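Have a look at the structure that comes next, please.
The letters A, B, C, D and E name the chains in turn, as written, and every chain counts its residues from 1.
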């Protein structure tokens, strides 16, 4: 990472310095899963399990998060629901992960049903059509308005899942860094940012609570086999050892990152905009973003474009 | 009324029976016959066109109780069928996979075929078959009477009373007003009446001690020869349609050694493999055996992809097919004589079995050396409808087109067939042989299938160039039947009445008295009402015996 | 148009107005006019009055709305599109014509009133709703799809192979249907949502009741289902 | 999807050891059926005749035919379809609901016993009458029996046929099928045959008032049809051919007296098993035959301007 | 057919009263009526014995008044020819030959042809 030189102190928002850098994100494939259940609680329970341990494709082969709660009138079956976004490098991988995860976490969870949330997507992966085999030929299907749904008999009653799920091009790895005076300030700012960002549809924050404390760099300085290792330039405790190689100014004692995956650029921008705005508060020194010099990911989100032109009071 | 004289000039004539192979000749017609020359009358200028003898179908199911049963079973097929609208002088009709009577005449004539042999008629319902044939216009007809499961005949063959058996067969032929003898799944149809079949040629038929399918085949072939019928025994071999039946078919040829016989729809009897999964074409083996048996003729029974209704006296096979398709099934057993099963069927190019069947029919026609001994049929409606013959002709004439078609079929099937290796292409003369000259000769119809002096003036004139689909034979420019222009540009122009060929083989005077008590035990109608009166066969033409 | 065996001009029977378009309005009693909307693929027909037999027969797309009653074979063998009848319909709604292997192949038929015999006979896919109830043999030889009935007379679901028949009242059940359980089928929610937009309510609230599920027809043997609504209490 | 498995009556005589009559009363309606074809005659494989056969009668009341049967199963009216559908399930060893079965008037034990006997038969035959085909369910009831017979062939040989009623109605079926493709109710108004039972069937046509003329031969609908149909017949030009002046003659515009089929008119008639039989009239009628009169009318029609159907390329029509 | 004394005897005659169509009936007839129908069942007997060759009815009726056959044929043809949707119905107590004619008639008048079976 190499942001210090490019940072310009000229941009400021609500008294917080916005470094003139950009978040570098990657092309991924995304899908939206709508889980409904008899109560919002059960829908959310299934969604939480489905999205658990899905923080980074590097470690989990999938990035996923809860997108939104859906009111009953908006879901396909008229019950309360939760939508989940999932991201992987390609459609095949996405299908495999969905089959595993829905099979283990939604199929198993009382009263739930599972629908495709991207009906207009042209690319489709077969999920329900594979999970139906759990029905051991006792399953049946329904065909409604051009879509097939599978009904799999289970001990409780019946599990309903749509046969295919839409897959579209998506973006993973949008991010922002909150550089704060102390750990409390960093955490409060991050929490505020997450709350604001979660209001945006089309994105998820795949890390626990939406916040990452262990930002990483590509590879390692000392262990050859590590794919990624701690982002030393942003570790306040290493400022002394790294000296000028540290990206942090003296007053920064804690950094937190928020990673955003989204279905399209606009959604990520909207989320980052909301996040930056919310994070600019007392105790925060600067907002920055992570990138690899622009060489690895083709999607760049420049912070200066995300800040309102006129700082609000 | 029709002109009594007519000349067709300037066309290229294909008349293989008379050694004419594409020469430009004039054809003269007087009073329905081909003559040396005529003066005056109408002239048809056929310059640039090709002239064939009217087609002769050696094996088709166009009338009778079974076909009529099939009509009732598949009303849905008529809704998409070709329509023949009523017009003054022309009756309405529907084509489709089981055309109605009038449409049958129009479709055959419209395609250039003028003679058809109805290949399966029970004596008991012969009256019905003839009634239906009355209503088939234009074309000439003949019928084969079912004999290989007739219990009177089987009992006599079992008892070794061949002489008596011959008289009984002769009596039955005349009672039915038939032209020849058909043997279907010898012994098997009878066994089916107890829900069984006759699978092994040398094992006794269910219910008999010594009688086997083999002895039935031998016995009937001998009787037909002894009676001097113009057409030899017309045999539908045992184990039709079953993977591995090649052995039965080749064994049947051995049983027939030295005898005349016609093997019907050979395609359905030329399969290797052990079951549906391993089924393959055995056309190579069957054709090789057939080539070595000059006493035999056969017809292809070719399969075309699409809708059909299978219809055969082979009841056991039909029950199997019903269980395989799970669709509709009809069965009709006829006391003492025969039975019939009917199952609508769709041949699909993506089906392994159907693709093998499709290839097998073509392979047989390409692998049998002598075109005079193999005739073009689909065993209508079993393998496909007769009105689709032009599609087969194209496949026979165009190796490149065959290869294209091969790409459409189930890929697995390509390993089970040899069609892709066959480069033979039928010539126009070959086509004239397999569609007209050969079958006419096999049927012993001396005035059919050729254009020599004395022949019936049944002439088909095709445009000289193929149509948009590359088919030359779709729409004849003219069809003459008995010297009359019945079809012009694909439209029926005149609705004439055809003849019906029958034979009257001699039987001992005591035959009726021998049969009467047996009949009264076995049948539920009066013996006196059993034979069809000759007056009821419209256009009856009783043919000489050898 | 045909009057029996004779072809007649349309304007002998109707006053014809307007330009060629994808919308057609038929005003008046067309109760003896057959085949309205036959083979239609797109556009819209509104009949303000009654319509005769075979309305929307074999239609593949578009929409037909009838304010009055329609006769037999409504939407027979249709493969897409939507028909809404405000009045009653005759028999063989969405059915197969004699001999055909499949009736309705897809699409939606909604009848606010009643319908006759053999509704949805041999249907493969699609949705039929008859709010007012039907006579005998609803879903006869059904092979798939969904039928929702306000009420039904005898032999509902006879010889069905697959598919769903939802009945909102208790009905006589054939001996060859086996009772399975009483539950709230999740998938019905989908249909309820879909049909709500067409003004049709299916009860899916588990507090209000549940569906008795029967499977059959064992005569085939089939894997179809009859779902009979049973209000709570 | 079902089937039609039939045979000629001689097959029944010679082979059937198990016979079911359903919804018919042969003893009174087809008096020689028992004695000439089905029950009593000795057959080639049933040498003991009646003793070699088991006969079952299924009906809603105990008709004189019940006396001729070994087993009489009395079911409640309009329960044929339920019973037949249950039998179709039972032959396949499927479960059925005993309580629902009991509502038919027969018990599950009775039906199971019937199925066991059917499966033990060497050759089973079923005949059905109007008590099956004309009661609630109509053609579906006969369809149920035909399907049951077809499916029984997975276990043993079984056939089924209707006990056709009057005269040569079977012949009408046969003739219509080969001339038009369809067995009855054929509409030729577009110049080619169209078929749709329920639409082009006589009672439906008449009740809807679709016909504007009628030609009746070999039937007396004026005595048998529902009243609205009769009223429509009376309101349009109706022409009747009959040996007698019938109810229909009285409401018709034209009546022509014709010779009596088989008594004074020759020709062909079909038996219920579709066997054609020649007619041998014993009398010479002073009246022409139906055949002659219809031909004369046809010729008289042909002298008028020809009705020439046109190919329909236009959709939507009044039929 | 044989002639004994003044009775004609027809063997193997066919009875078309019911669907059994028994063809083993022996009929004894004088010129006008059948006096005996051997082998026939009670229904068959009354069928044969009740139909005579007497001239009990007028040749034809038009609007209830006696008419000639020729006039009746013309009237029938006129009505059928003029109709939009004529019906040809019955075909039961008649021969196949008449049925075939009836189909041909139905076709030339563009009508519906139907039998008892449709009931």
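By definition in this document, contacts are C-beta pairs under 8 Å (C-beta built on N, C-alpha and C of every residue); 3 or more make two chains touch, one makes a residue touch a chain.
Quick caveat: nothing in here was measured; it's all calculated off a predicted structure.
Peer 1: What's the fewest number of moves from subunit A to subunit E, given that each move must go to a chain touching the current one?
Peer 2: The least step count works out to 2.
Peer 1: Hey, what chains does subunit B share as contacts with subunit E?
Peer 2: Chains that touch both subunit B and subunit E, as defined above, are C, D.
Peer 1: If you take the mean of the Cα atoms for each chain, which one ends up farthest from subunit E?
Peer 2: A
Peer 1: Which two chains have the greatest number of C-beta pairs in contact?
Peer 2: D-E
Peer 1: Using the average of all C-alpha atoms in each chain as its centre, how far is it in Å between subunit A and subunit C?
Peer 2: Distance between chain centres, rounded to whole Å: 46 Å.
Peer 1: Taking each chain's centre as the mean of its CA atoms, how far is subunit C from subunit D in angstrom?
Peer 2: Averaging C-alpha atoms per chain gives centres 31 Å apart.
Peer 1: Quick one: report the Å distance separating subunit B from subunit C, using the average Cα coordinate of each chain.
Peer 2: 46
Peer 1: Quick one: which residues in subunit A touch 2 or more of the other chains?
Peer 2: Counting only residues that touch two or more other chains, subunit A contributes none.
Peer 1: Check each residue of subunit B and list the ones that touch at least two other chains.
Peer 2: 73, 75, 86, 88, 91-92, 131, 135, 327, 525, 529, in rising order.
Peer 1: Spell out, as numbers or ranges, the residues of subunit C touching 2 or more other chains.
Peer 2: 3-6, 97-98, 101
Peer 1: Dump the list of chain pairs that touch, please.
Peer 2: A-C, B-C, B-D, B-E, C-D, C-E, D-E
Peer 1: Which residues of subunit B touch subunit C in the complex?
Peer 2: So the residues of subunit B touching subunit C come out as 73-77, 79, 327.
Peer 1: Residue numbers of subunit E touching subunit D in their complex, please.
Peer 2: Residues of subunit E touching subunit D: 1, 8, 10-23, 27-29, 31-34, 41-44, 47-48, 51-64, 67, 69, 72-119.
Peer 1: If you look only at subunit C, which of its residues touch subunit D in the complex?
Peer 2: Going by the criterion above, the answer is residues 1-8, 13, 32-39, 52-53, 72-73, 91-92, 97-98, 101, 136-137, 140-141, 154-155, 158-159, 173-179, 217-221.
Peer 1: Along subunit B, where are the residues that touch subunit E in the complex?
Peer 2: Per the touch definition, subunit B meets subunit E at residues 86, 88, 91-92, 131, 135, 525-526, 528-529.
Peer 1: Of all residues in subunit C, which touch subunit E in the complex?
Peer 2: Counting only subunit C, the residues touching subunit E are 3-6.
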